[in-house]
């Protein structure tokens, strides 16, 4: 967040197995598997429901009302990347529309995560190019000031380094540091493997109180039942 | 909102006819029939469109970032209930996901109304378990502090007592006190019975100005037409 | 915004060609064609996705919690109009529902743009009557205080005069002053005519950096690439 | 929050000793003494710093943009009361200014707590009449619709019944139910009696880690120190 | 709000008597005298308490993050003016600090009203140069894009034309159209002349219920007293 | 933001000259000297006006509603430090009051910067212990979950590493990375050295248009003056 006017061309991307595999687990499970860290603020919402992606982050730092660097970051995209765009101050402008999406998609980008606004959202849905953003806005931007590409950024309250894995779905967006990607994949898969059995028990009417053996600690904490 | 660590097991639920019948009338009509009171703040939104429910409230008071009591309230659900969850301070965490929804649904709950966040929203929609919430968030919660179940709570700015009727649809969420449920059902039905005729008149081009005889009071208030 | 209790019956509407033709171009393109002015604040959202309209503005100034003037403005609607409703102070109440929509639609209105709340949103979608609003709320309103019809108003931060063209879609709402409607139509069409070629180039993998000849100005601004 | 058009003249006020005595303890200590419940949302701020009051609640339920009932509640004020004003929907209008403050002060009111706006704030400070409010606004209100006086209300997210004790200072506003006022006074005084000794220890450089014997539970929870 | 790149040098300022005289009456009284219109949104707050000004508006339209036009507007200031700054989109940047304030003050400006951020607020207070703004921010701005000077603008939700009178104090900011400035001055003075007598009555314990003869209309509206 | 349950005891603090010297320059000048980066979001406000500090960051990552780690960070404070507290999700609770402030002050801390709430603000002002926070709240917190101390954190949208220099005043809070502290001190001092001369010129009536030679680029950009 402190270096302006630079583009890092060579970044260390997280292992592809993790970058590809985390999507299926979903942001909530991955967030739990991380120990409840890594979540971008919940104001980040998908522009259309149903998309579920993961990929390696290429980052871009923008200035308010200026999308010049979006064109610079396009060149750094490799297939399987997710572009993560941060802004140096609060801004709701529409930095990204169908033309940039066409370019990003041609480069192999899987999604955009932007702490600002986007536009042409209906076309983006038709293109099947998902975006998680702070808002939707027709407001266009200028091209006047340098930001940076592939430096670590703060996006929606979370620290994202180039090469980290981004996991995004209808529940939100999680960032998994590259160095922890494989262990997180394993932990999330393990976590998910227990879910089916739990769901079956709960569906049969067994209570979480019993399944998780909560009655004793609740009583110890002083919970009282009154008839 | 003032009593912690208690679970009331026996609550007086509103008459089932009202609890079942108010759904069809919708939150806006019920709110009008109540004399324009009872509405939860409009930031409460359904996690997917199209659900329209009513049911008797079982309430739960939670602490920020702690969903322990959600398991306690599950045991108090009876078929036809709507769980109403309040938090002692502002919180956007995801207190509720597909596992708890499975449990709630197995107990017969019709919906959840929560002044905080939920997650697994795509699965919840597939399960056909509607939720009205303040936000959507992957953020998980801990299980450390006692709240209460079936005490009166303030949820999204409205006072909800256990056994009250909750009416929720795409327009929002209304609480009807149990003691007024039957009279509200009657008033809402009466109100709705006039709607068809009014709609037909308006559709034919008759103006509300004439249908509601507003021209005279508007002129008396000083309205001037300028050509 | 300063005159209360008046209804202007004769307003100068923008040329019909522009009022009808701008819809197809969309709010983002029209906003750019205007020189990046005219956009209502992005908190204005459609109550359902997919609608795309343009039409001539008839305006109404309301008071908080009072929709009396909505009935007065109904009479001033002509086929092809879009009603633009402003409020003298922040308000989230539901000023508009299916009955008023029936009346507006019978008069030929294409849409409502309101800096407040609406209700009966599911029915409005079934009626195919689009609304762009600040929020959705079941909260009803009273009929006690005079506002005005067809005076210039500020709606969601933008100045709208009666007869201006409103363009609204999933990206937001733009106001085009009547006097600039034809030139804006021409500029927007010209702008759009270039889009197909650009999109094809970008889809083929050509970068915006090259297509827009940005490499030189970026270097001149000091951008550095680091391997 | 459900009954409109009524004024309860006889309310049971909390014991005067508690109503008078809680001010000195402050909202934070009282909130802790209550078990961390009773706090109004923190957007409620004093219009000037330094006021610290407690008193018995007389309540009023208002409609958006309508302060008619503020005159009705004035008559119900007794010396030592704090007026608590709630609104049936979000509103930022200035419901209260120097004239009403003169009347309230003449009746013996100690303060106003209002989930909306106030005006004439400089004069109110000169009069030494404190107000805790959601905002400050010059916007005036009408007198057209009935609310209620001395019914239980939800003010800034908290349930307040007539006769409860309100404690307000620069940290916020807490409501203490009348039935718990005396025990809360005792608990808050006890809590405060320990503060001096604690402060002296901490000022001398003793750490909370040692004073509260936290090192062992932190280690048990897994805290690791890295040099 | 629609014209970019122009500076109007000759504007028609409101009569000086009104521009000078309205300050003493205050924003709340002026707002009432206008018939409850003209108020900027209440998020506009003074950067320090106690300032109370009025003056003729010179306006400037800015772009997000760009304060170039602030230097252009400086030249158009005449003694007694208040600069009113609007932005084409939401922005919290600090457009204005002690240097610009020195320049504005040297030109005779009485205040700045800006729908964005300012900085150097402690110095501005020492200079006795009041500002009403949306926020305070150290964030600097660039000088790259043309806006306009002395066109009508929307500032904080209100339409302001060059030459209108701005009245600002601790309660907020009101805009009085130039053409209505003298009548508003008269109406506000008349209104204020009644205040002393009213205040004396209320201070003596007479209720507004009696002074304004509200008991009858309240009873007619159905108000019930319950003992 | 990704590591939980660890306390780093040995951190590399920025040079003391910069840590001590940046306070006098103020957050706005330092932010400019950094190239307009490093600013925490402007919702961070001082709890009382007039404080102006700089110091080296010791960081703490907290969970919503849990201030356990505030006691852990206290031990890591050295004279001249500023504690920077981040939370893993949005929270407005009052994590910090007069007891913790006594402890922090005894350890030599100059200030607290916290992306959450504080309480006992009047006492904090009397103690002369400044805090920049998101809000003020009486709401207390529990001590149940491990965070971390002296890991890099995101506080109010900005990345802060242990040992960085924090500069805070009435305009906001800026973070200067330790590695850039000395060059920033030099750049900020140079920047400030020009201010006196500029201020004198502007005070004499010279316009920024002339002093900064803006007339030509404005004309080149197309600015038109209309008489």
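All chains are identified by letter, namely A, B, C, D, E and F, in their written order; residue positions are counted from 1 within each chain.
One rule holds for everything that comes next: a residue touches a chain if its C-beta (ideal position, glycine included) is under 8 Å from a C-beta of that chain, and two chains touch if they have at least 3 such contacts.
Since the model is a prediction, treat every value here as computed from it, not as a measurement.
Among the remaining chains, those touching subunit E as well as subunit F are A, D. Of the two chain pairs examined here, A-E and D-E, it is D-E that is joined by more C-beta pairs in contact.
Sharing over half of its contact pairs with E-F by residue number, the repeated interface among B-D, B-F or D-F is D-F.
By the residue-number overlap criterion, the interface of subunit A with subunit F counts as same, with over half of its numbers used by both chains. One simple way to say how far apart two chains are is to compare their mean CA positions; for subunit A and subunit B this gives 31 Å.
For the pair subunit C and subunit D, the distance between mean C-alpha positions equals 42 Å.
Separating the CA-averaged centres of subunit C and subunit E is a span of 27 Å. Annotation for subunit B: residues 36, 39, 88-90, 92, 137, 139, 145 touch two or more other chains.
Chain pairs that touch one another: A-B, A-C, A-E, A-F, B-C, B-D, B-F, C-D, C-E, D-E, D-F, E-F.
By the touch rule above, subunit F contacts subunit E in their complex via residues 26-28, 31-32, 36, 39, 42-43, 45, 49-50, 52, 169-172, 174, 195, 198-199, 202-205, 207-209, 212, 214, 218, 221-227. In the complex of the two chains, the subunit A residues touching subunit F come out as 1-2, 4, 34-39, 41, 88-90, 152, 154, 157-159, 177, 180. Partner subunit A is touched in their complex by these residues of subunit E: 63-66, 88-93, 137, 139, 142, 144-145. Within the complex formed with subunit F, the subunit E residues making contact are 5-10, 48, 68, 71-72, 74-75, 92, 94, 97-100, 102-103, 105-107, 117, 119-122, 135-140, 143, 145-146.
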